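Two complexes are shown next, each including chain A; its partner changes from chain B in the first to chain C in the second.
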Partner chain A sequence: MYRCLTIALLLTLLAPACSRLDGSSRWISQAREANLEADRAIRRGDTQSARTALVASLEQPVPDTVNPADSRMVKQDMCFRLSLVEMEAKRPEEALVWAKHGLSLGQQQDLFTANLYVAMGSAHEALGQEAQAAEAYHLALKINETLLNQTLENEETP
Partner chain B sequence: MRRILAIGICLAFTGCAAQKAVQTEPAPAPQAVPQTEPEPAARITQIEKDIQQLEAELEQDLQAAAKPECPRACELGGNICKLAQKICDIASRNPRHESLKDRCKDARLRCQTAHQKVSEHCECGALDF
Partner chain C sequence: MSDKEKREAEALARALEGDGSPEGIPTDALEAASLLRASREDAGLDPARQQEILDKILPEKKPRRIPWLRWLVPVAGVAGVLFLVMTVPMLSKSPPQQAAVVFPAPPRDLLMAQVQALRDRNLKGLDKKMQKYRGQMYASLAGKYPE
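On to the complex of A and B.
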(Lines of atoms letter the chains of each structure in order from A and count residues from 1; the text may use other names and numbers.)
(Lines give C-alpha, C1' and ligand atoms only; values in the text may rest on other atoms or scores of the structure.)
Protein backbone atom coordinates (compact mmCIF):
# COMPACT_ATOMS: atom_id res chain seq x y z
CA MET A 1 0.00 0.00 0.00
CA TYR A 2 2.73 2.42 1.09
CA ARG A 3 4.81 1.30 -1.88
CA CYS A 4 1.99 2.19 -4.28
CA LEU A 5 1.59 5.56 -2.61
CA THR A 6 5.33 6.20 -2.89
CA ILE A 7 5.28 5.38 -6.61
CA ALA A 8 2.25 7.62 -7.13
CA LEU A 9 4.01 10.44 -5.27
CA LEU A 10 7.18 9.96 -7.33
CA LEU A 11 5.22 10.07 -10.58
CA THR A 12 3.45 13.22 -9.43
CA LEU A 13 6.79 14.85 -8.68
CA LEU A 14 8.42 13.63 -11.89
CA ALA A 15 5.61 14.62 -14.24
CA PRO A 16 6.38 18.37 -14.25
CA ALA A 17 10.09 17.63 -14.67
CA CYS A 18 9.35 15.37 -17.63
CA SER A 19 7.10 17.93 -19.25
CA ARG A 20 9.90 20.51 -18.88
CA LEU A 21 12.27 18.12 -20.62
CA ASP A 22 9.65 17.53 -23.30
CA GLY A 23 9.58 21.28 -23.95
CA SER A 24 13.34 21.30 -24.56
CA SER A 25 13.28 18.29 -26.83
CA ARG A 26 10.32 19.71 -28.75
CA TRP A 27 12.22 22.95 -29.31
CA ILE A 28 15.34 21.11 -30.43
CA SER A 29 13.28 18.82 -32.69
CA GLN A 30 11.52 21.71 -34.39
CA ALA A 31 14.86 23.46 -34.95
CA ARG A 32 16.29 20.29 -36.48
CA GLU A 33 13.18 19.85 -38.65
CA ALA A 34 13.39 23.48 -39.80
CA ASN A 35 17.00 22.94 -40.85
CA LEU A 36 16.07 19.80 -42.76
CA GLU A 37 13.16 21.58 -44.43
CA ALA A 38 15.51 24.44 -45.38
CA ASP A 39 17.97 21.90 -46.83
CA ARG A 40 15.22 20.35 -48.95
CA ALA A 41 14.00 23.76 -50.11
CA ILE A 42 17.52 24.92 -51.01
CA ARG A 43 18.10 21.71 -52.99
CA ARG A 44 15.08 22.46 -55.16
CA GLY A 45 16.11 26.12 -55.45
CA ASP A 46 13.21 27.36 -53.34
CA THR A 47 14.89 30.03 -51.21
CA GLN A 48 11.53 31.45 -50.12
CA SER A 49 10.49 28.20 -48.43
CA ALA A 50 13.93 27.84 -46.86
CA ARG A 51 13.64 31.35 -45.46
CA THR A 52 10.11 30.72 -44.17
CA ALA A 53 11.11 27.51 -42.39
CA LEU A 54 14.15 29.06 -40.74
CA VAL A 55 12.41 32.27 -39.69
CA ALA A 56 9.46 30.34 -38.22
CA SER A 57 11.85 28.22 -36.20
CA LEU A 58 13.86 31.22 -35.05
CA GLU A 59 10.68 32.86 -33.77
CA GLN A 60 9.75 29.90 -31.58
CA PRO A 61 10.06 30.77 -27.88
CA VAL A 62 12.97 28.98 -26.23
CA PRO A 63 11.93 26.92 -23.17
CA ASP A 64 13.59 27.88 -19.88
CA THR A 65 15.08 24.41 -19.64
CA VAL A 66 17.29 24.94 -22.68
CA ASN A 67 20.81 26.02 -21.79
CA PRO A 68 21.24 29.66 -22.95
CA ALA A 69 24.58 28.82 -24.57
CA ASP A 70 22.93 26.02 -26.56
CA SER A 71 20.03 28.20 -27.68
CA ARG A 72 22.49 30.91 -28.76
CA MET A 73 24.38 28.43 -30.93
CA VAL A 74 21.21 27.01 -32.48
CA LYS A 75 19.84 30.48 -33.22
CA GLN A 76 23.18 31.75 -34.54
CA ASP A 77 23.42 28.79 -36.86
CA MET A 78 19.94 29.62 -38.18
CA CYS A 79 20.91 33.26 -38.68
CA PHE A 80 24.01 32.12 -40.56
CA ARG A 81 21.89 29.88 -42.76
CA LEU A 82 19.39 32.68 -43.34
CA SER A 83 22.25 34.93 -44.36
CA LEU A 84 23.42 32.31 -46.88
CA VAL A 85 19.87 31.92 -48.19
CA GLU A 86 19.63 35.69 -48.72
CA MET A 87 22.97 35.74 -50.51
CA GLU A 88 21.74 32.90 -52.71
CA ALA A 89 18.66 34.99 -53.46
CA LYS A 90 20.91 37.96 -54.36
CA ARG A 91 19.73 39.96 -51.37
CA PRO A 92 22.97 41.02 -49.64
CA GLU A 93 21.26 43.73 -47.56
CA GLU A 94 19.06 41.07 -45.97
CA ALA A 95 22.05 38.75 -45.61
CA LEU A 96 23.85 41.47 -43.68
CA VAL A 97 20.82 41.98 -41.41
CA TRP A 98 20.76 38.27 -40.50
CA ALA A 99 24.51 38.16 -39.89
CA LYS A 100 24.29 41.19 -37.61
CA HIS A 101 21.27 39.78 -35.83
CA GLY A 102 23.13 36.53 -35.17
CA LEU A 103 26.11 38.40 -33.78
CA SER A 104 23.84 40.47 -31.55
CA LEU A 105 22.86 37.25 -29.74
CA GLY A 106 26.36 37.03 -28.25
CA GLN A 107 29.90 36.58 -29.50
CA GLN A 108 32.19 33.79 -28.44
CA GLN A 109 35.40 32.29 -29.73
CA ASP A 110 33.55 29.56 -31.61
CA LEU A 111 32.68 28.57 -35.15
CA PHE A 112 29.12 29.94 -34.87
CA THR A 113 30.45 33.44 -34.31
CA ALA A 114 33.18 32.95 -36.92
CA ASN A 115 30.61 31.80 -39.50
CA LEU A 116 28.51 34.88 -38.88
CA TYR A 117 31.56 37.11 -39.43
CA VAL A 118 32.24 35.30 -42.69
CA ALA A 119 28.60 35.82 -43.71
CA MET A 120 28.90 39.47 -42.75
CA GLY A 121 32.07 39.79 -44.82
CA SER A 122 30.42 38.22 -47.86
CA ALA A 123 27.42 40.54 -47.57
CA HIS A 124 29.63 43.63 -47.22
CA GLU A 125 31.72 42.48 -50.16
CA ALA A 126 28.60 42.01 -52.31
CA LEU A 127 27.51 45.50 -51.33
CA GLY A 128 30.88 46.92 -52.39
CA GLN A 129 31.82 47.76 -48.79
CA GLU A 130 35.28 46.29 -49.08
CA ALA A 131 36.93 47.72 -45.98
CA GLN A 132 34.11 46.41 -43.77
CA ALA A 133 34.26 43.08 -45.58
CA ALA A 134 37.98 42.75 -44.90
CA GLU A 135 37.45 43.67 -41.26
CA ALA A 136 34.75 41.01 -40.84
CA TYR A 137 36.89 38.37 -42.56
CA HIS A 138 39.80 39.30 -40.33
CA LEU A 139 37.69 38.81 -37.18
CA ALA A 140 36.57 35.41 -38.47
CA LEU A 141 40.19 34.53 -39.23
CA LYS A 142 41.30 35.39 -35.68
CA ILE A 143 38.58 33.18 -34.16
CA ASN A 144 39.68 30.30 -36.38
CA GLU A 145 43.24 30.93 -35.24
CA THR A 146 42.20 30.76 -31.57
CA LEU A 147 40.31 27.53 -32.20
CA LEU A 148 43.30 26.07 -34.02
CA ASN A 149 45.61 26.93 -31.12
CA GLN A 150 43.16 25.33 -28.68
CA THR A 151 42.96 22.21 -30.82
CA LEU A 152 46.73 21.87 -30.99
CA GLU A 153 47.16 22.60 -27.26
CA ASN A 154 44.63 19.91 -26.37
CA GLU A 155 46.61 17.46 -28.43
CA GLU A 156 49.86 18.28 -26.72
CA THR A 157 48.40 17.87 -23.21
CA PRO A 158 46.28 14.69 -23.18
CA MET B 1 41.15 10.63 -15.59
CA ARG B 2 43.96 8.74 -13.87
CA ARG B 3 41.49 7.45 -11.30
CA ILE B 4 39.22 6.14 -14.04
CA LEU B 5 42.15 4.48 -15.74
CA ALA B 6 43.27 2.96 -12.44
CA ILE B 7 39.78 1.62 -11.82
CA GLY B 8 39.72 0.31 -15.38
CA ILE B 9 43.00 -1.51 -14.81
CA CYS B 10 41.77 -2.96 -11.56
CA LEU B 11 38.53 -4.17 -13.16
CA ALA B 12 40.34 -5.59 -16.16
CA PHE B 13 42.89 -7.14 -13.85
CA THR B 14 40.19 -8.75 -11.73
CA GLY B 15 38.51 -10.10 -14.83
CA CYS B 16 41.73 -11.48 -16.25
CA ALA B 17 42.75 -12.94 -12.92
CA ALA B 18 39.40 -14.67 -12.63
CA GLN B 19 39.74 -15.95 -16.19
CA LYS B 20 43.21 -17.23 -15.49
CA ALA B 21 41.99 -18.93 -12.34
CA VAL B 22 39.40 -20.78 -14.38
CA GLN B 23 41.93 -21.64 -17.08
CA THR B 24 44.52 -22.94 -14.61
CA GLU B 25 42.07 -25.18 -12.82
CA PRO B 26 43.10 -28.74 -13.45
CA ALA B 27 40.83 -30.94 -15.52
CA PRO B 28 38.59 -33.20 -13.43
CA ALA B 29 40.51 -36.26 -12.53
CA PRO B 30 38.94 -39.67 -12.99
CA GLN B 31 39.69 -40.46 -9.40
CA ALA B 32 38.52 -38.51 -6.38
CA VAL B 33 41.64 -36.38 -5.96
CA PRO B 34 41.26 -33.03 -4.11
CA GLN B 35 41.66 -30.04 -6.49
CA THR B 36 44.54 -27.71 -5.68
CA GLU B 37 45.02 -23.99 -6.30
CA PRO B 38 48.07 -22.97 -8.41
CA GLU B 39 51.22 -22.32 -6.46
CA PRO B 40 51.26 -18.78 -4.98
CA ALA B 41 54.55 -17.97 -6.71
CA ALA B 42 53.19 -19.06 -10.09
CA ARG B 43 50.03 -17.07 -9.50
CA ILE B 44 52.02 -13.94 -8.65
CA THR B 45 54.13 -14.33 -11.79
CA GLN B 46 50.97 -14.63 -13.87
CA ILE B 47 49.47 -11.54 -12.23
CA GLU B 48 52.66 -9.59 -12.89
CA LYS B 49 52.48 -10.58 -16.54
CA ASP B 50 48.85 -9.49 -16.70
CA ILE B 51 49.74 -6.12 -15.19
CA GLN B 52 52.56 -5.63 -17.69
CA GLN B 53 50.25 -6.46 -20.55
CA LEU B 54 47.57 -4.08 -19.30
CA GLU B 55 50.15 -1.33 -18.83
CA ALA B 56 51.32 -1.81 -22.40
CA GLU B 57 47.72 -1.63 -23.64
CA LEU B 58 47.09 1.48 -21.56
CA GLU B 59 50.20 3.12 -22.97
CA GLN B 60 49.00 2.38 -26.50
CA ASP B 61 45.57 3.85 -25.71
CA LEU B 62 47.14 6.98 -24.23
CA GLN B 63 49.32 7.43 -27.28
CA ALA B 64 46.30 7.03 -29.54
CA ALA B 65 44.36 9.57 -27.48
CA ALA B 66 47.27 12.02 -27.71
CA LYS B 67 47.27 11.94 -31.51
CA PRO B 68 46.33 15.26 -33.04
CA GLU B 69 42.79 15.95 -34.12
CA CYS B 70 44.13 16.41 -37.61
CA PRO B 71 40.91 16.75 -39.61
CA ARG B 72 39.81 19.63 -37.37
CA ALA B 73 43.26 21.22 -37.32
CA CYS B 74 43.50 20.98 -41.11
CA GLU B 75 40.03 22.47 -41.52
CA LEU B 76 40.77 25.38 -39.18
CA GLY B 77 44.12 26.02 -40.84
CA GLY B 78 42.40 25.91 -44.21
CA ASN B 79 39.78 28.41 -43.03
CA ILE B 80 42.50 30.80 -41.87
CA CYS B 81 44.27 30.71 -45.22
CA LYS B 82 41.06 30.99 -47.25
CA LEU B 83 40.04 34.05 -45.23
CA ALA B 84 43.54 35.49 -45.64
CA GLN B 85 43.16 35.02 -49.39
CA LYS B 86 39.82 36.84 -49.38
CA ILE B 87 41.34 39.74 -47.45
CA CYS B 88 44.28 39.94 -49.82
CA ASP B 89 41.98 39.81 -52.86
CA ILE B 90 40.13 42.81 -51.46
CA ALA B 91 43.45 44.57 -50.77
CA SER B 92 44.63 43.95 -54.32
CA ARG B 93 41.41 45.44 -55.68
CA ASN B 94 42.04 48.55 -53.56
CA PRO B 95 45.78 49.21 -53.94
CA ARG B 96 45.56 52.74 -52.56
CA HIS B 97 43.97 51.58 -49.32
CA GLU B 98 46.90 51.30 -46.90
CA SER B 99 44.98 49.71 -44.01
CA LEU B 100 43.79 46.93 -46.34
CA LYS B 101 47.40 46.30 -47.33
CA ASP B 102 48.35 45.97 -43.65
CA ARG B 103 45.40 43.68 -43.03
CA CYS B 104 46.48 41.47 -45.93
CA LYS B 105 50.04 41.33 -44.61
CA ASP B 106 48.84 40.37 -41.14
CA ALA B 107 46.40 37.78 -42.48
CA ARG B 108 49.03 36.22 -44.73
CA LEU B 109 51.43 35.95 -41.78
CA ARG B 110 48.75 34.26 -39.69
CA CYS B 111 48.11 31.82 -42.54
CA GLN B 112 51.81 30.95 -42.73
CA THR B 113 52.00 30.47 -38.96
CA ALA B 114 48.90 28.28 -38.97
CA HIS B 115 50.31 26.25 -41.85
CA GLN B 116 53.58 25.76 -39.99
CA LYS B 117 51.89 24.78 -36.71
CA VAL B 118 49.52 22.31 -38.34
CA SER B 119 52.27 20.80 -40.47
CA GLU B 120 54.22 19.96 -37.31
CA HIS B 121 51.40 17.64 -36.23
CA CYS B 122 49.42 16.65 -39.30
CA GLU B 123 49.61 15.99 -43.00
CA CYS B 124 46.82 18.01 -44.54
CA GLY B 125 45.59 17.53 -48.08
CA ALA B 126 46.37 20.15 -50.68
CA LEU B 127 42.78 21.38 -50.54
CA ASP B 128 43.00 22.32 -46.88
CA PHE B 129 45.64 25.01 -47.36
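On to the complex of A and C.
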Protein backbone atom coordinates (compact mmCIF):
# COMPACT_ATOMS: atom_id res chain seq x y z
CA MET A 1 0.00 0.00 0.00
CA TYR A 2 2.68 2.45 1.08
CA ARG A 3 4.87 1.37 -1.82
CA CYS A 4 2.12 2.06 -4.35
CA LEU A 5 1.50 5.48 -2.83
CA THR A 6 5.20 6.33 -3.01
CA ILE A 7 5.43 5.32 -6.68
CA ALA A 8 2.29 7.31 -7.52
CA LEU A 9 3.71 10.36 -5.73
CA LEU A 10 7.03 10.11 -7.58
CA LEU A 11 5.31 9.76 -10.96
CA THR A 12 3.09 12.73 -10.20
CA LEU A 13 6.12 14.86 -9.39
CA LEU A 14 8.33 13.65 -12.21
CA ALA A 15 5.79 13.78 -15.07
CA PRO A 16 5.66 17.60 -15.27
CA ALA A 17 9.42 17.76 -14.98
CA CYS A 18 9.87 15.43 -17.96
CA SER A 19 7.33 17.27 -20.08
CA ARG A 20 9.09 20.52 -19.22
CA LEU A 21 12.39 19.19 -20.51
CA ASP A 22 11.22 18.36 -24.03
CA GLY A 23 8.61 21.14 -24.30
CA SER A 24 10.90 23.52 -26.16
CA SER A 25 11.79 21.10 -28.94
CA ARG A 26 8.14 20.13 -29.25
CA TRP A 27 7.17 23.77 -29.59
CA ILE A 28 9.80 24.33 -32.30
CA SER A 29 8.66 21.20 -34.15
CA GLN A 30 5.01 22.18 -34.17
CA ALA A 31 5.88 25.68 -35.42
CA ARG A 32 7.95 24.23 -38.26
CA GLU A 33 5.16 21.78 -39.13
CA ALA A 34 2.60 24.59 -39.15
CA ASN A 35 4.75 26.55 -41.62
CA LEU A 36 5.13 23.52 -43.88
CA GLU A 37 1.38 22.95 -43.74
CA ALA A 38 0.81 26.61 -44.61
CA ASP A 39 3.24 26.27 -47.56
CA ARG A 40 1.25 23.32 -48.91
CA ALA A 41 -2.09 25.10 -48.40
CA ILE A 42 -0.87 28.30 -50.10
CA ARG A 43 0.43 26.29 -53.07
CA ARG A 44 -3.05 24.87 -53.64
CA GLY A 45 -4.69 28.25 -53.02
CA ASP A 46 -6.28 27.17 -49.76
CA THR A 47 -5.84 30.29 -47.65
CA GLN A 48 -8.29 29.05 -45.02
CA SER A 49 -6.18 25.98 -44.20
CA ALA A 50 -3.02 28.08 -44.19
CA ARG A 51 -4.63 30.49 -41.75
CA THR A 52 -5.89 27.66 -39.53
CA ALA A 53 -2.48 26.00 -39.32
CA LEU A 54 -0.64 29.23 -38.52
CA VAL A 55 -3.15 30.49 -35.97
CA ALA A 56 -3.22 27.14 -34.18
CA SER A 57 0.56 27.20 -33.92
CA LEU A 58 0.63 30.80 -32.79
CA GLU A 59 -1.77 29.98 -29.97
CA GLN A 60 0.49 27.29 -28.55
CA PRO A 61 2.00 28.43 -25.24
CA VAL A 62 5.73 29.02 -25.45
CA PRO A 63 7.70 26.90 -22.93
CA ASP A 64 9.80 28.77 -20.38
CA THR A 65 12.93 27.14 -21.75
CA VAL A 66 12.62 28.86 -25.12
CA ASN A 67 14.54 32.10 -25.24
CA PRO A 68 12.09 35.02 -25.74
CA ALA A 69 14.20 36.34 -28.61
CA ASP A 70 13.78 33.02 -30.44
CA SER A 71 10.06 32.78 -29.80
CA ARG A 72 9.63 36.39 -30.90
CA MET A 73 11.18 35.69 -34.30
CA VAL A 74 9.17 32.50 -34.79
CA LYS A 75 5.94 34.23 -33.87
CA GLN A 76 6.69 37.35 -35.90
CA ASP A 77 7.37 35.25 -38.96
CA MET A 78 3.99 33.56 -38.47
CA CYS A 79 2.26 36.93 -38.09
CA PHE A 80 3.93 38.08 -41.31
CA ARG A 81 2.64 35.00 -43.10
CA LEU A 82 -0.84 35.43 -41.65
CA SER A 83 -0.85 39.02 -42.85
CA LEU A 84 0.06 37.84 -46.36
CA VAL A 85 -2.65 35.16 -46.22
CA GLU A 86 -5.24 37.78 -45.29
CA MET A 87 -4.06 40.08 -48.08
CA GLU A 88 -4.36 37.16 -50.48
CA ALA A 89 -7.91 36.62 -49.21
CA LYS A 90 -8.64 40.33 -49.81
CA ARG A 91 -8.99 41.06 -46.10
CA PRO A 92 -6.63 44.00 -45.51
CA GLU A 93 -8.14 44.86 -42.11
CA GLU A 94 -7.20 41.45 -40.78
CA ALA A 95 -3.83 41.70 -42.52
CA LEU A 96 -3.19 44.95 -40.65
CA VAL A 97 -4.21 43.36 -37.34
CA TRP A 98 -1.70 40.52 -37.80
CA ALA A 99 1.09 42.91 -38.81
CA LYS A 100 0.45 45.09 -35.77
CA HIS A 101 0.25 42.06 -33.50
CA GLY A 102 3.60 40.85 -34.78
CA LEU A 103 5.21 44.23 -34.18
CA SER A 104 3.74 44.36 -30.69
CA LEU A 105 5.89 41.33 -29.78
CA GLY A 106 9.01 43.50 -30.04
CA GLN A 107 10.93 45.38 -32.70
CA GLN A 108 14.54 44.85 -33.64
CA GLN A 109 16.76 45.76 -36.54
CA ASP A 110 16.15 42.39 -38.15
CA LEU A 111 14.49 40.74 -41.12
CA PHE A 112 11.33 39.75 -39.25
CA THR A 113 10.55 43.26 -38.06
CA ALA A 114 11.23 44.64 -41.53
CA ASN A 115 8.91 42.03 -43.09
CA LEU A 116 6.13 43.05 -40.74
CA TYR A 117 6.55 46.70 -41.72
CA VAL A 118 6.31 45.66 -45.36
CA ALA A 119 3.09 43.75 -44.62
CA MET A 120 1.77 46.64 -42.55
CA GLY A 121 2.44 49.16 -45.32
CA SER A 122 0.76 46.91 -47.85
CA ALA A 123 -2.35 46.58 -45.66
CA HIS A 124 -2.51 50.34 -45.06
CA GLU A 125 -2.15 50.94 -48.79
CA ALA A 126 -4.98 48.50 -49.56
CA LEU A 127 -7.13 50.37 -47.05
CA GLY A 128 -6.36 53.68 -48.74
CA GLN A 129 -4.26 54.92 -45.82
CA GLU A 130 -1.42 56.33 -47.86
CA ALA A 131 0.39 58.23 -45.13
CA GLN A 132 0.52 55.26 -42.75
CA ALA A 133 1.57 53.04 -45.64
CA ALA A 134 4.44 55.38 -46.55
CA GLU A 135 5.58 55.50 -42.93
CA ALA A 136 5.58 51.70 -42.64
CA TYR A 137 7.47 51.30 -45.93
CA HIS A 138 10.00 53.86 -44.77
CA LEU A 139 10.66 51.97 -41.53
CA ALA A 140 11.00 48.73 -43.50
CA LEU A 141 13.49 50.32 -45.85
CA LYS A 142 15.60 51.71 -43.00
CA ILE A 143 15.98 48.26 -41.45
CA ASN A 144 16.57 46.72 -44.86
CA GLU A 145 19.37 49.21 -45.53
CA THR A 146 21.05 48.38 -42.21
CA LEU A 147 20.84 44.65 -42.90
CA LEU A 148 22.07 45.05 -46.44
CA ASN A 149 25.09 47.02 -45.22
CA GLN A 150 25.89 44.30 -42.69
CA THR A 151 25.58 41.62 -45.35
CA LEU A 152 27.84 43.52 -47.73
CA GLU A 153 30.41 44.04 -44.98
CA ASN A 154 30.36 40.32 -44.20
CA GLU A 155 30.82 39.50 -47.87
CA GLU A 156 33.80 41.84 -48.13
CA THR A 157 35.45 40.44 -44.99
CA PRO A 158 37.74 37.59 -46.07
CA MET B 1 -37.25 -30.13 65.13
CA SER B 2 -34.86 -32.03 67.34
CA ASP B 3 -32.29 -30.36 69.54
CA LYS B 4 -29.50 -31.51 67.25
CA GLU B 5 -31.19 -30.00 64.29
CA LYS B 6 -31.80 -26.80 66.19
CA ARG B 7 -28.10 -26.51 67.10
CA GLU B 8 -27.05 -27.13 63.52
CA ALA B 9 -29.45 -24.45 62.31
CA GLU B 10 -28.10 -21.92 64.79
CA ALA B 11 -24.50 -22.74 63.80
CA LEU B 12 -25.41 -22.35 60.16
CA ALA B 13 -27.02 -18.99 60.84
CA ARG B 14 -23.87 -17.81 62.54
CA ALA B 15 -21.79 -19.07 59.66
CA LEU B 16 -23.99 -17.13 57.26
CA GLU B 17 -23.41 -13.98 59.30
CA GLY B 18 -19.70 -14.66 59.04
CA ASP B 19 -18.91 -15.05 62.69
CA GLY B 20 -18.26 -17.97 64.87
CA SER B 21 -16.47 -21.18 64.10
CA PRO B 22 -18.17 -23.56 61.85
CA GLU B 23 -17.89 -26.48 64.24
CA GLY B 24 -20.68 -28.91 64.36
CA ILE B 25 -22.06 -27.94 60.95
CA PRO B 26 -22.45 -30.57 58.30
CA THR B 27 -20.06 -30.10 55.39
CA ASP B 28 -22.79 -29.76 52.79
CA ALA B 29 -24.54 -27.08 54.85
CA LEU B 30 -21.27 -25.19 55.31
CA GLU B 31 -20.65 -25.20 51.52
CA ALA B 32 -24.16 -23.92 50.92
CA ALA B 33 -23.55 -21.17 53.46
CA SER B 34 -20.30 -20.18 51.74
CA LEU B 35 -22.03 -19.94 48.40
CA LEU B 36 -24.79 -17.85 49.86
CA ARG B 37 -22.26 -15.50 51.39
CA ALA B 38 -20.32 -15.21 48.19
CA SER B 39 -23.45 -14.33 46.26
CA ARG B 40 -24.07 -11.30 48.44
CA GLU B 41 -23.37 -7.88 46.96
CA ASP B 42 -20.63 -6.94 49.38
CA ALA B 43 -18.84 -10.19 48.77
CA GLY B 44 -17.97 -9.32 45.11
CA LEU B 45 -14.48 -8.66 43.79
CA ASP B 46 -13.22 -5.11 43.69
CA PRO B 47 -13.16 -3.61 40.16
CA ALA B 48 -9.35 -3.67 39.88
CA ARG B 49 -9.24 -7.34 40.67
CA GLN B 50 -12.08 -7.98 38.21
CA GLN B 51 -10.15 -6.20 35.45
CA GLU B 52 -6.99 -8.12 36.28
CA ILE B 53 -8.79 -11.42 35.99
CA LEU B 54 -10.53 -10.34 32.79
CA ASP B 55 -7.23 -9.28 31.27
CA LYS B 56 -5.76 -12.65 32.11
CA ILE B 57 -8.55 -14.84 30.85
CA LEU B 58 -9.76 -12.76 27.89
CA PRO B 59 -6.63 -11.64 26.01
CA GLU B 60 -8.49 -11.63 22.70
CA LYS B 61 -10.86 -8.94 23.96
CA LYS B 62 -8.01 -6.44 24.32
CA PRO B 63 -7.19 -4.29 21.25
CA ARG B 64 -4.04 -5.43 19.47
CA ARG B 65 -1.27 -2.97 19.96
CA ILE B 66 1.84 -3.04 17.79
CA PRO B 67 4.32 -0.71 19.45
CA TRP B 68 6.21 0.38 16.27
CA LEU B 69 2.98 1.05 14.35
CA ARG B 70 2.20 3.91 16.69
CA TRP B 71 5.35 5.69 15.49
CA LEU B 72 5.09 4.74 11.84
CA VAL B 73 2.28 7.13 10.93
CA PRO B 74 3.87 10.35 12.25
CA VAL B 75 7.34 9.34 11.01
CA ALA B 76 5.97 8.58 7.52
CA GLY B 77 4.07 11.87 7.57
CA VAL B 78 7.14 13.89 8.50
CA ALA B 79 9.22 12.05 5.88
CA GLY B 80 6.58 12.79 3.23
CA VAL B 81 6.48 16.47 4.08
CA LEU B 82 10.28 16.69 4.01
CA PHE B 83 10.34 14.93 0.64
CA LEU B 84 7.85 17.40 -0.80
CA VAL B 85 9.66 20.39 0.68
CA MET B 86 12.93 19.25 -0.88
CA THR B 87 11.71 18.07 -4.29
CA VAL B 88 8.87 20.40 -5.28
CA PRO B 89 10.96 23.61 -5.39
CA MET B 90 13.66 21.68 -7.25
CA LEU B 91 11.19 20.51 -9.89
CA SER B 92 9.15 23.68 -10.17
CA LYS B 93 12.27 25.75 -10.69
CA SER B 94 12.53 26.51 -14.38
CA PRO B 95 15.36 24.80 -16.17
CA PRO B 96 18.00 27.21 -17.42
CA GLN B 97 16.85 29.16 -20.43
CA GLN B 98 18.78 28.70 -23.63
CA ALA B 99 20.74 31.57 -25.05
CA ALA B 100 19.15 33.14 -28.10
CA VAL B 101 19.93 31.45 -31.38
CA VAL B 102 22.21 33.40 -33.68
CA PHE B 103 20.53 33.07 -37.04
CA PRO B 104 22.51 33.30 -40.22
CA ALA B 105 22.55 36.81 -41.62
CA PRO B 106 19.86 37.23 -44.27
CA PRO B 107 21.39 36.75 -47.71
CA ARG B 108 21.62 39.58 -50.15
CA ASP B 109 19.00 38.16 -52.55
CA LEU B 110 16.46 37.94 -49.73
CA LEU B 111 17.06 41.55 -48.76
CA MET B 112 16.77 42.55 -52.41
CA ALA B 113 13.48 40.64 -52.59
CA GLN B 114 12.30 42.72 -49.66
CA VAL B 115 13.16 45.91 -51.55
CA GLN B 116 11.42 44.50 -54.62
CA ALA B 117 8.30 43.78 -52.53
CA LEU B 118 8.31 47.40 -51.39
CA ARG B 119 8.69 48.59 -54.93
CA ASP B 120 6.11 46.48 -56.76
CA ARG B 121 4.03 45.27 -53.77
CA ASN B 122 4.88 41.66 -54.57
CA LEU B 123 4.51 40.12 -51.14
CA LYS B 124 4.11 36.60 -52.52
CA GLY B 125 7.55 36.84 -54.07
CA LEU B 126 9.00 37.88 -50.72
CA ASP B 127 7.28 34.99 -48.94
CA LYS B 128 8.66 32.57 -51.51
CA LYS B 129 12.19 33.91 -50.96
CA MET B 130 11.64 33.59 -47.22
CA GLN B 131 11.07 29.83 -47.47
CA LYS B 132 14.75 28.96 -47.76
CA TYR B 133 15.75 31.32 -44.95
CA ARG B 134 12.89 29.99 -42.83
CA GLY B 135 14.22 26.47 -43.33
CA GLN B 136 17.64 27.61 -42.11
CA MET B 137 16.03 29.33 -39.16
CA TYR B 138 14.22 26.18 -38.04
CA ALA B 139 17.35 24.10 -38.57
CA SER B 140 19.25 26.47 -36.25
CA LEU B 141 16.44 26.29 -33.69
CA ALA B 142 16.34 22.49 -33.85
CA GLY B 143 20.08 22.44 -33.23
CA LYS B 144 19.68 24.69 -30.23
CA TYR B 145 16.65 22.90 -28.80
CA PRO B 146 17.34 19.24 -29.61
CA GLU B 147 14.67 16.60 -29.04
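Please note the rule applied: the second predicted complex is superposed on the first by the 131 of 158 C-alpha atoms of A that agree within 3 Å, B and C clash if a C-alpha of one lies under 4 Å from a C-alpha of the other, contacts with A are read in each partner's own complex, and residues count from 1 in each chain.
Note that in this section contacts are C-beta pairs under 8 Å (C-beta built on N, C-alpha and C of every residue); 3 or more make two chains touch, one makes a residue touch a chain.
It should be emphasised that the depicted structure is a prediction, and the values quoted were computed from it without experimental measurement.
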Next on the checklist: Taking chain A as the common reference, can chain B and chain C both be placed on it without clashing, or not? Answer clash or fit.
Outcome noted: clash
Next on the checklist: Let me test your reading of the model: by the given contact rule, A:88 touches which partner, first (chain B), second (chain C), both or neither?
Outcome noted: second
Checklist entry - First (chain B), second (chain C), both or neither: which does A:64 touch? => result second
Checklist entry - After superposition on the shared chain, which partner residues are touched by A:134: those of chain B (first), chain C (second), both, or neither? => result first
Next on the checklist: I'd like to know which partner A:144 touches here: chain B for first, chain C for second, both or neither.
Outcome noted: both
Next on the checklist: Looking only at contacts as defined up top, I'd like to know whether chain B or chain C touches more of chain A.
Outcome noted: C
Next on the checklist: Looking at A:152 after the superposition, I want to know if it touches chain B, chain C, both of them or none. Which is it: first, second, both, neither?
Outcome noted: both
Next on the checklist: Tell me the contact category for A:121 with respect to chain B and chain C: first, second, both or neither.
Outcome noted: both
Item to check | Doubly contacted residues of chain A, that is, touched by chain B and again by chain C | outcome: 114, 118, 121, 125, 137, 140-141, 144, 147-148, 151-152, 154-155
Checklist outcome for this item: Within their complex, chain C touches chain A through residues 76, 80, 83, 87-88, 91, 94-101, 103, 105-108, 110-111, 114-115, 117-118, 121, 123-124, 126-127, 130-131, 133-134, 137-138, 141-142, 144-147
Next on the checklist: For a test of understanding, state which residues of chain A touch chain B in their complex under the given definition.
Outcome noted: 114, 118, 121, 125, 130-131, 133-135, 137-138, 140-142, 144-145, 147-149, 151-152, 154-155, 158
Checklist entry - Which bits of chain B are touching chain A when the two form their complex? => result 62, 65-69, 72-73, 76-77, 79-80, 83-84, 86-87, 90-91, 93-94, 97, 99-100, 103-104, 106-107, 110, 114, 117-118, 121
Item to check | Complex contacts: residues of chain A adjacent to chain C | outcome: 2, 9, 13-14, 16-17, 20-22, 24-29, 31-32, 35, 39, 42, 64-67, 69-70, 73-74, 77, 80-81, 84, 87-88, 111, 114-115, 118-119, 121-122, 125, 137, 140-141, 144, 147-148, 150-152, 154-155
